[in-house]
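What follows is a single structure, written as C-alpha cells, with notes after it.
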C-alpha cells in the first residue's frame, strides 16, 4: 500500500499535471481547429480525472484516511485562521523559556466577536516544516497555550482550537522540560475555564499532543481527519513488530472521523469538499466556520459555571465498560 | 573600614579563640592552684570580651549592620524552620525546568497548625554556598515559590517566608529563562492569595530577589537584618564610581531595620540576642516564632477577602510624595 | 508483606538489578527493596496496600467494573483474559478507601503486572472515581502510578481517559482536595501526561522509570545527548518535575505528613458532612 | 510629530546607530525611526503620546504629584531639580487617559530623559493609579516602559514601588481589565521585574534593551556565553518573554486590535457605569 498521500494519489496527480499541460498548450494554440481539439482533450482528461478521484475517494479505507489527514496540500491552522477570522493578532511565548512555533495563537474576531484562537501549525516545505518542528509541540507550546487560555478566561473570550499534530515532541529537551506535565496542565487549565471552548480536528489528531489542546466543550472533526491514541505505525511496531503494518493498525485503531463519531468521542463530523479540504479550501473553511458558530451559539445559552460543568460532563461520560 | 563580618569582628573572635584555649587548658590542668589561676584568667578575658562586644555592638553603624546581616554564623532559613516548626516536608521543583536550591519550602506545622514555609537558603561552607548559589534565586526558584503559594491558597494554609538573599541570580541563563518575569509573577501571585502571609527578613533583604517572596500582609525584620533596593557596593559604584565606598552608600540608602521601621516599610523590628542572632539561635528563633504567631493571630481575625485586601492596602500606601 | 507474589520460589531470591542473592524473608520484610543495592522491585497492588496503608484499613471500591472490547481490537480479549488469570485482578487499577497514619484517604493503585498497567476505560474510570471520591467525601487522594501508558487496544477511548482523569484532578483543585501521586516503576506516556503530572505533590520511588516517550524514540529525536539517568526519578527531580524521591520504607511516614498538613482544612468540612 | 524635542537643530540629524545623515523632517515623520537602518530612537513622552494615541485624546492626570527626598539622599534634590528643568516633567512617568482607534484606555508613559526613567514613589504611584483607573473606569491599561530600574535615591521606598505596581496589575487581572505593556529602549531591572513583566500582552520596539541585571554583571556572573543579541527585544522574543516586536509605525494599529479584542467584554459593564 501507498506510504504517503503523494504515492497514493499518483495516478490523479499525473492526470492533473497532464491536464495543466494541455490547458497551457490550448491557450497558446492559434489555429482554431487544433485549439478546439486540445480543449476537447482537456475536457476528456478532466472527466477521466473525476472518475479516478471518485473511485479513490469512495474506496478510502482507514489507511487512506491517514494519508489524507497527512496530505501536504491540506489546509493548516493558519489557513483556517485566515479564512474564518479577522484581526488575528499572534501572541508569542510561554514567559518561561521560549516561543514554540509548532503552535500559533492569539486573539481574533469571529464575525466581529472576540475569540482566542490557537492551533498546531504545520509547514508547507522542508524549511517551514523544520521551523514548525513538524507541528510537534514542546513543553513551551502547551505553556503558551495555557497562557492564552487563561487570558481568554479573564477577558471572557470563547476559545477555538485547531488540532493538527502527529504527536508531541518526544526529544530529550522536551522531556527535561516536562512535556508530560505541560500536556496534562494544558488539559487541566482547559477544564478550569468558564468560557466556551470548541476544538476542530483538521488533520492529524496525534495522541497526547492533540488532546493537550482539545479538552473542549465541543469537538468537531473534519471528514478526512484522524484522531488516535498512537500513530498506526507505532501501534504496528508494538503489536506485530512491523511498522509497515500501519494499514492494519489503522483499521484496528478506528482512528477515522466516522469511527470517532460513532464512538461518541467527537460531536460532529464535518463534510469536506469532495476529494479533501485542499480541493476547495474556501468551502472547507466555510463549513468549519459555520459549525464553530453553531457550537458557540449553543454554548452561549449556558452560564459560565454551566459551561465548565458541561465540559466536565462531556469527558466524564467517556469510556466503555460494563458493571457486574 | 572592615569589608567582612570576620574582619570587623577580628578583635572579638581573637579573644574568643583565646578564651577557648584557656578553657581547654584549665580543664586539663590537675594542679588546683594553677587551675584556679587559669579559670580566673578565663573570667577576666570573658569580661574583656563582653566589654569589646558591648562597644562594637552599641557603636554599630549602617555598614556594620550590612556586615552583621551577612555574617557567616548567622542562622539561616533552615535553622529557623528547624527551630520554629515541626513536620517540615520539603517540596522540590518548579514543574518546568529544575529545582532551585537557593530557596527551600514545603508544608510544616507551627504549633500543630499547618503552614506553608519558604525561604532563601544560604550555605555555611564553600561547597554548600555553591550548592545554594549563594542564596541567589534563579527563575525556577520563584516559580517553585509560586507553586507553593498556590498550594497554600488551595489548602487554606498561611504562608511564612524567610528573606535572606544578596540578590536574584543575574546570570545569562537566568535572564534567558525570565528572571524578571519570575520575580514579578511571584509577587503577583502573593497579592492574589486570600490566606495570611507573613515574611521575616532574617539577613540580607536584597532588592528584587527579596521582594519577590516578601509581598506579605506583615513584614517582620530582625534587628540586624538589612533591606535595600541595591547592594551598597553597587550603589557606591554608580554614585561615586567606587565600590569601596559601600559604607557611605549603606548610610545613604537607610537599609537598616530601624530605618525600614521608621519609614513604615516593615511592621515590626524584632530584637536579636545581644551581639546578633547567632550568639543565641534558640532565643532568636523563639522571638521570631512569637512574632509570627502574633501576626497570624491578628490576620486570623480577617476573612479571606479581607486578608487579600489588607495586603493590597499595606503596599498601596507605600511611597512618599507630596501633592501640589 | 504477603509472600504470594514472591519473584522466585524458595528461601532465596535474586535481585533483578545487582543479581545478588537475598534471603526471601528479608527481601519481603524490606518491602522488596534489595538490601545490597537498594533497588526497588515492583510490587503488586496488594503488596503496595500492605506496605503503605494502616493495617486493615483498605477497603476496595468499584469492584464491579469490567473491561469490554469496544473496538474488537485484535487479540485484546485474549490478552485481557490472560492478564486476569495471571493477576487475579479485573483490570490494571484498584480503587478504594484507606487510612494513612489514621487519616482517611481515597486511593487508586495501579499494578504493572496487569497488561503493563495500561490505562483503558476501566482504569481511567477508577482513577476518576478515586479523585471524585476525594471531593465527595472530603479526603485527600493518593494515587500510585505504575503504567506503560494508555491502553492502545481501546484506541481513542483510552486517549480520552487522559482528559477524563485530568478533569477530575482539576475538580480536586477547585474544591481544595489535595492529590498526591507516587511515581513507581514505570510511570510513562499517557498516564504521566495526564492525571499523574498535575498532582499537587509528586513523590517517586528511587530509580523508577518516568518518561513521556520511549527512551529510544526520545534519543533518536534529537541531537541533544540524553544524560545517563535519562527518564529516571532522579532525572525528574533534577528537572523540577518531582517533589521528592522517597525510599519505600519511608513512604508511609512521608505520605502521612503530607496528607495531614495539606488535608487539615478538610476536617472541619468533614465534621459538617458527618 | 512636534519638532520641540529634535535631537539636533537644523535640517539634518544623524542616526545614533548607523551614523547616516537624515533629513530632520523625514526623521520626525518616521517617528524618529532611522530610514536607513530602522533604529528606533528614544522618544519623549509627548512624542510617544502623539505617535500612539488618537490626536487630541490624551488627557493628563495626577499632575500634582511631586517627588520629595525622603532619605535626604546625597545630591538627589539637585539631580531631580535638574531633570525637571531639562524635561519640563515633574517626574519620570506621565499618567492619563486617551483613545486608541476610538477606544478608551488608561495610560502610563515613562520618559527615559527624566533621570533614566527611574521609578521612585511618584512614578510608582502614577503607574499604580493608571492601573487602578483601568479597573475603576473599565478600560484597558497601556504602559510604555522606558527605565533603567528603581530609583536608588529613594532606597527601600523605590523597591516597594515594585510590589505596589505589581499588586495593581494583579487587581487588573482579578477584575478582568487587560493590561498591555510596551517595552521601549531601555526597560530594565526593577521596572522589568515588576509591573512590566506581568502584563497580559507585552510588545517591544525593535532592538530595545530589555534586561534584569546590567549586561556586564550578567555576563560576569556565569560561564554560559551570552548571545550577541543578549538583553534585546529580539532575545526576549526568542526566550518567550515578549509577544511581538512591533515597528513604531505599526504600534497604534497593533495596540488598537489588542485593546479592542481583549477589552470588548468591558463595554457592556462600561455602559452600565455610564
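Per-chain residue numbering starts at 1, and chain names A, B, C and D are given in the order in which the chains are listed.
What we mean here is this: contacts are C-beta pairs under 8 Å (C-beta built on N, C-alpha and C of every residue); 3 or more make two chains touch, one makes a residue touch a chain.
From a predicted model like this one, the values you see are computed outputs, not experimental measurements.
Engineer: Out of curiosity, which chains are bumping into both chain B and chain C?
Structural biologist: Per touch definition, common to chain B and chain C: A.
Engineer: Can you tell me which chain lies farthest from chain A, using the average of the Cα atoms as each chain's centre?
Structural biologist: Measuring from the centre of chain A, the most distant chain centre belongs to B.
Engineer: Comparing the two chain pairs, does A-D have more C-beta contacts than A-C, or is it the other way round?
Structural biologist: When A-D is set beside A-C, the one with more contacts is A-C.
Engineer: Quick one: report the Å distance separating chain C from chain D, using the average Cα coordinate of each chain.
Structural biologist: 51
Engineer: Centroid from C-alpha atoms only, then distance chain B to chain D, rounded to Å. What do you get?
Structural biologist: Averaging C-alpha atoms per chain gives centres 34 Å apart.
Engineer: Nearest whole angstrom, what separates the Cα centre of chain A from the Cα centre of chain D?
Structural biologist: Roughly 40 Å separates the two chain centres.
Engineer: For chain C, what residues touch not just one other chain but two or more?
Structural biologist: As it turns out, chain C has residues touching two or more other chains at 173, 197, 239-241.
Engineer: What are the residue numbers in chain B that touch two or more other chains?
Structural biologist: Residues 95-97, 176-178, 181, 185 of chain B touch two or more partner chains.
Engineer: Which of line, ring, star, complete and other names the graph you get from chains that touch?
Structural biologist: Shape of the chain contacts: other, as it matches none of the listed patterns.
Engineer: Can you name every pair of chains that touch?
Structural biologist: A-B, A-C, A-D, B-C, B-D
Engineer: Please output the residues of chain B touching chain A within their complex, sorted ascending.
Structural biologist: Within the complex, chain B contacts chain A at residues 95-97, 139, 143, 176-178, 181, 185.
Engineer: Quick one: in the complex, what on chain B touches chain D?
Structural biologist: Answer in residue numbers: 168-181, 183-185, 187-189, 191-192, 207-208, 210-212, 214-215, 227-230, 235, 238-239, 252-255, 259-260, 263, 265, 311-312, 315-316, 318-324.
Engineer: Using the touch definition up top, name the residues of chain D that touch chain B in the complex.
Structural biologist: 64-68, 70-71, 73-75, 120-122, 124-125, 128, 150, 152, 154-164, 166-167, 169-171, 173-174, 189-190, 192-198, 211-213, 217-219, 221-222, 224-226, 230-231, 235, 239-241
Engineer: Enumerate the contact residues on chain C facing chain B in the complex.
Structural biologist: 173, 176, 178, 197, 200-201, 237-244, 254, 257-258, 260-265
Engineer: Which stretch or stretches of chain A touch chain D in the complex?
Structural biologist: Against chain D, the touching part of chain A is residues 87, 89-99, 106-109, 114, 140, 144, 151, 154-157.
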